[in-house]
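What follows are several structures.
Both complexes shown next keep chain A, but they swap its partner, so chain B is in the first and chain C is in the second.
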Partner chain A sequence: MSTSPLQEPIPVPEEGQPITQLGPREWARQNLFRTWFDTALTVVFSLILAWALYRAGRFVFFTGRWEIIDRNLTNLLVFRFPRDELWRVWTGLFVLAGTFGVAAGSAARTRDQAVAEGRVAPPEERLVLRRFGPVLLLVAVLLYFAGTLSAFLLTAGVAVVAVAARFAGYRVPPNRAGWGFAVGILGLVAAFTVILGFGGVGWDRWGGLMLTIFLAVGGITISFPIGVLLALGRRSTFPAVRVVCVGYIELIRGVPLITVLFMGAFMLGFFLPPGTETPSLETRALVALVVFTSAYVAEIVRGGLQSVPRGQIEAAYAVGLSPLRTTALIVLPQALRAVIPAMVGQFITLFKDTSLVAIIGLTELLGVSSIVTSQPDFLGQGLIFETLVFAAFVYWVGSYSMSRESQRLERRLGVGQR
Partner chain B sequence: MSRPAPWRDVRVLRIAFQAAFLVAVVAFVLWIVDNTVGNLERRGIRTSFDFLDQPAGFRIPGSDFRTSQSIGDAILVGVETTMKVSAIGIVLAFLLGVFVGVARLSPNWLVRRAAALYVESLRNVPVLAIIFFWYLAVILRLPTVEVAGLFVFSNRAFAVPDLTLEDGIELFGIAALVGLVAAAVVWRWRTRRFDATGEPHHRVLWGAGLLAAVLTVGFFAAGRPIGLDTPERLRFGFAGGLRMSPEFAGLLIALVLYTASHIAEVVRGSILAVQKGQGEAADALGLSPFQRLRFVVLPQAFRIMIPPLANHFLNLVKNSSLGVAIALPEVTRVVRIAISQRAPAPQSIVMLMGIYLVFSLSIALVTNLVNRRLQLKGRT
Partner chain C sequence: MRSTLIRQLAIALIGVVFVASGCNLGGDDDDDGGEAGGETQTQTQPGQTGGDLLQTVTSRGRLICGVNDAVPGFGFVTEGGDFEGFDIDYCRAVAAGILGDPEAVDFRPLTAEQRFTALQAGEVDVLIRNTTWTSSRDGSEGARFLTTTFYDGQGMMVQADSEFQELEDLDGATICVLSGTTTELNLAAQFEARNLDFEPLSFEDNDPLQQAFQQGRCEAWSSDLSQLAGIRSNWPDGEGGPEALRILDVTMSKEPLGPVVADGQEDFADAVNWIVIATIQAEEFGITSENIDEQLNSEDPEVQRFLGQPVEGEPFDPGLNLDAEFAANVVRAVGNYGEIFERNVGPDTGLGLERGLNALWTEGGLHYPPPYR
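For the complex of A and B:
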């Protein structure tokens, strides 16, 4: 280099572009060996990480005794669900794949339209594999343990239906986007009906991962309207309503979930008029989860309500809307849009928290993974290690994927940037 | 101006609506209470809180609680365990969380990745699964007796050396007090000198050195009043040292690891929320990376992180109730045992909720006080 860089015009990096692509050597120097302290850290951490990776890899591929998962896969997924009724679950899965595919396709169409009109920033380039990697890994692991051709074919069928439905949904005209959403909801109801209705299997006989998902989805769905009402009540101009709502919210938020679950398990039967039959433990757990979650949903929705500018309400009053219509037509649509990412976060929390129902004796995923270790064939071999790792992996895939999607959603909705 | 008819008067309508609302809520609550009392009486269960004075009739492992003591006393023993695990857990989780949170922003790629791996893998797993994992899969599978030098890790007990106080401790206490006062005086002297002349103050060195010297002299002058009590192996179990039951250790480790992963995210977010110019200004002044973090970035980040941090501390206290799943006799477990020993469930659970509510409200109160002290005054 003979010319001094100072004599040349300083290149202005383009906005948003990485300034320079470092070579591997330069990259390593800057990111791993900047100072002697950095070098020491790098050495120590690479030793620790290498050791951890070695131990984890050795466990997963060699020393782990996975036979217990292999033989109990159906137990872990549905537990007491009658085996000859399993076709209902598969049918439900097909229905869900079809309807959710349509909903996703229609949403993608709406988004692409918005991007084309320049109303929304284009999504950043992301590989499909990276986005769905954990879920695909989970499906692969489940198929490996299932190990039957029929399971493989059925899963492939579900995937094909989902992809086909997505393309079909993409053809829904953007001005009919509400339909896609409606189809999704309809699918949820239909899948539920297929499993429950027509001489089906009541949820007191559900178990494993299926019960986990049912409690999480059912819990958040029922909590949502209650939470919205509580949040509106908390911001009401009626002091009496406000006091009652604040009291409920703060009371529930101040106690651990397990005490509310105990309330459901031991007290709910006493609450009902004498002579009423006590609902099943599953139902009581669901009620407890709803009682608990609606307080947290209320706080999230309150945040959304506060984010609606005061001017919106004043403008609504100025054009002569009644308070009720102002809330329903002006405030809530804006508030609820702002809280979608936080609601996904609450759903993840609930998904993880459903594991606590194992303490009151329900057999959801975590409960099953601890009781299968006392089967005669597996008793006293310390196999809880393997089953817990499996259960934790399933939970991890669920909440990690959902949290990634919620981050995407947050960026797309531009929450906090408006 | 004439008043409108009462059924069209907004003021009257507002009051009428609220009255109706309150009547409905109260009626609902009374209906539940009435049903509960009726159901309890039909089954011959007492409806008052005097069961708290009844003899418990069960033992609490790991404490010298006697079966003849009352259920109320048992609950107090449980509260003590809850407070112990929460207090230790909060301190450890905070330290680990700050460490991991700072590591997530390290300029070193490997450190950053390792911290992210830790956070992402623990945050997305139910805390109950982590508790089960540590207690059932790790601690209970430790060898029965494992003595590693001064420490004991086994599936029967965890133990670390403990300090014992012997004769002459009063003298040593006085020496410690004198040392502290002397160190404080020296500290202020060095600070003033630094302010006046600008020569390096080394006040930590001076203060700590003086304190150490006084403590050493005091220790020997008082005839070595502090001894070390190391855990010893007996024929059955262990004696001496500071012992923890495996349940306690399992819950503590799991809660600390889980909460730290959440705290790390709070710390990271708060550091990123500090204006970039602050760090750049510190660099421009020639502060070292450590000084930059310690004196410029962290103090400001700390102010931002207090409310979410307090929330996670509170979560730790609430999650300690999961000790019930691994038979650690904290307050939830004790109440659970009491219920299975025929204590009336509704009153017991209401009481349990009340206890946790007191915990929550105290933490909220402390947070608000700290928050008010630390907030910048007169910020626009």
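For the complex of A and C:
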């Protein structure tokens, strides 16, 4: 029925058409049981897949002893955060939902305007469920374990606020693009203030998933601009700047993250001016993660900078742009667009590397997972498997969501298409 | 012309950077000296201004206690996010004795590698984190070990239906241990001394180790006796329950565990030491957290003196720079030694330990408090 693609690669629509019209039986015959070898592979791998699914399903739904997660959910999420101060975390979540909703709505409006004016190709229709599926699954799992009406109502409240704020943000005039971004940053600051300020809870009581997210988000947002500056510095024509940047990047890249964390934890105090109070362990861990990641970000950005053709810069100079504006308006946008996949890969790595802070005595998600098995009720029953599976699920949701968002961003910016 | 100018400028700049960093390094050294003369003097110059840390803790109003967050019975985090355990109770006891409030503690979980660095750097006031008292730790880690709160030892656990009775029977056996602990080293030394062979199988965590033991990948499991007892009493019923396991009657090492402070904090060390002794003394006197208020009116002058009640008009002050009623505060907050033991690791708890060496000297144990007078 279909001709070999090697012989006729050109007429794509003609080839694409019949495939979509195949019935499921025909599709299976074409793709799974075409030759005896295909058939054998299909059978063998279906059996392996079915067995794996059966074992996983049996563990998740029947043999898994999830009571330890059920009773330690608050520990896994915020660890030693004082229980009567939890309203601060919820308030922070509401603030973030509101401000990020406004930011997203304003961005959507700007994008739609651009599409309407024909400046940007319309984005593919994507299902909301597919984009937010893993996060929704995580929320559902958390609510199942929480099992209280108040947690459900508060979560629903956060969702309602987020959606309402998005529609409110959509009404903002589209030419105020920076406005939504500013609101997002303001929201982050406000959320931190609610938790930390006004007699709030210091960083030494942060832990669990909250600490993981704090370290990851903080690390990503701070290391990105530093990394870009380092990359630009490395390409600078001014030797002193170049030497310092190259020295920094190569020094940090030559050292394992664990070493940087240990240095941050135990030696940062020696580099600070006298009289200053030694910053908290959380701050030191964050500094170490930023110091480490920014060196890698710098090398990724440098790769992007090198992919921008020299002609672009010369053309920018020719129309009279200053070097600074050339970099900001011509070079960096193209360079950063080209390195989105590598950059997001680095950020996913950072997200998972936050688990290493356990070695300097911080207790983030993975740390909590391994120490709750020391509680008297759960002693010596091998429950580490349940807690580790839970932690792995949370890490997967975070990493997969980041990866999906980056694919979305790539599609929208047309990476690999133009 | 222009490029040579830039090059010269650059070289000058690099020079400035190096000089500046050199200055900074030199400055750092000076800073250390300066600091030593100020806040942290007690750490570097013992004796001269001893008691500084005690004053620091008192004026701060909080005690910072270095603890372990994953030792069953000794230090762990409850579902409510609070620290609990035998060592944790001693942190609370110290806070109650010095500050009068058992809740005035900040717990700082520390890893085994970190603990002495954190103590020396002054990040924690006291380390109560199942730390074995050894000569080299006392000597070269700048640590000062105080009265032992728990006498532990290394033991060996086997399946109950095996024929192993003593260490000699385990010649050539595979033995499961946790990696990176003194347990591993003790095991090697003990077998070496008896000229026996064994195959170590090391694990990072107890859970995978337990699985290996259940699957029969190793014949014996070596760890601290307190931990082995806890594991045995929680052995899953599906595997035969506690009866399926037997702990051999050998103690392969001495593990005295107790609070540790940094060298040179004389007054603070004395205070912590006597707070620990007070819990043991209270048990000897029969003072508990329940009968403490009756005991305040005791006829016994020794008890009166111990609880800081006026004897012939004046409460007794031993000169420890502590409140005269510190012992009463400690016992009211956490109870006496026996109560702390029973509550956290005793027969009714998950660990289910007997007193053994940890009984009072009057009952054949090792706890022998110096007289309070």
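The criterion applied here is as follows: the second predicted complex is superposed on the first by the 344 of 418 C-alpha atoms of A that agree within 3 Å, B and C clash if a C-alpha of one lies under 4 Å from a C-alpha of the other, contacts with A are read in each partner's own complex, and residues count from 1 in each chain.
Quick note on the criterion: contacts are C-beta pairs under 8 Å (C-beta built on N, C-alpha and C of every residue); 3 or more make two chains touch, one makes a residue touch a chain.
Everything numeric in this text was worked out from a predicted model, so none of it was measured.
Undergrad: Looking at the overlay, what does A:S322 touch: chain B (first), chain C (second), both, or neither?
TA: Touch partners of A:S322: none, neither chain B nor chain C.
Undergrad: Of the partners chain B and chain C, which touch A:F385 in the superposed model: first, second, both, neither?
TA: It touches chain B and chain C both.
Undergrad: So, A:T221: does it touch chain B (first), chain C (second), both, or neither?
TA: After superposing on A, A:T221 lies clear of both chain B and chain C.
Undergrad: Does the superposition put A:Q306 against chain B (first), chain C (second), both, or neither?
TA: neither
Undergrad: In the superposed model, does chain B or chain C contact more residues of chain A?
TA: Looking at chain A, the partner in contact with more of its residues is B.
Undergrad: Once chain A of both complexes is superposed, is A:Q407 in touch with chain B (first), chain C (second), both, or neither?
TA: So A:Q407 meets neither chain B nor chain C here.
Undergrad: Does chain B (first) or chain C (second) touch A:F81, or do both, or does neither?
TA: second
Undergrad: Could you look at A:V372 and tell me whether it touches chain B, chain C, both or neither (first, second, both, neither)?
TA: Touch partner of A:V372: chain C, not chain B.
Undergrad: Does the superposition put A:T363 against chain B (first), chain C (second), both, or neither?
TA: After superposing on A, A:T363 lies in contact with chain C but is clear of chain B.
Undergrad: Residue overlap on chain A between the chain B contact set and the chain C contact set?
TA: Common interface on chain A, chain B vs chain C: 238-240, 244, 266, 269-271, 273-274, 359, 370, 382, 384-385.
Undergrad: Using the touch rule from the top, collect the residues of chain A that touch chain B in their complex.
TA: Within the complex, chain A touches chain B at residues 31-32, 34, 38, 41-42, 45-46, 48-49, 238-241, 244, 251, 253-259, 262-263, 266-267, 269-274, 348, 352-353, 355-356, 358-359, 366, 370, 382, 384-385, 388-389, 391-392, 395-396, 398-400, 403.
Undergrad: Would you mind writing out the residues of chain C in touch with chain A in their complex?
TA: 6-7, 9-10, 13-14, 17, 28, 31-32, 34-35, 69-73, 76-82, 106, 108-111, 113-114, 117-118, 121, 123, 205-208, 210-211, 230-231, 234-236, 349-351
Undergrad: Applying the document's contact rule, which stretches of chain B touch chain A when the two form their complex?
TA: Touching chain A: residues 14, 17-19, 21-22, 25, 32, 35-36, 38-40, 42, 106-111, 114, 120-121, 123-130, 132-133, 136-137, 141, 318-319, 321-322, 324-325, 332, 336, 339, 345-346, 349, 352-353, 356-357, 360-361 of chain B.
Undergrad: Per the contact definition, I'd like the list of chain A residues that touch chain C in the complex.
TA: Spelled out, the residues of chain A in touch with chain C are 71-72, 74-75, 78-83, 204, 238-240, 243-244, 265-266, 269-271, 273-274, 278, 359-361, 363, 370-377, 379-385.
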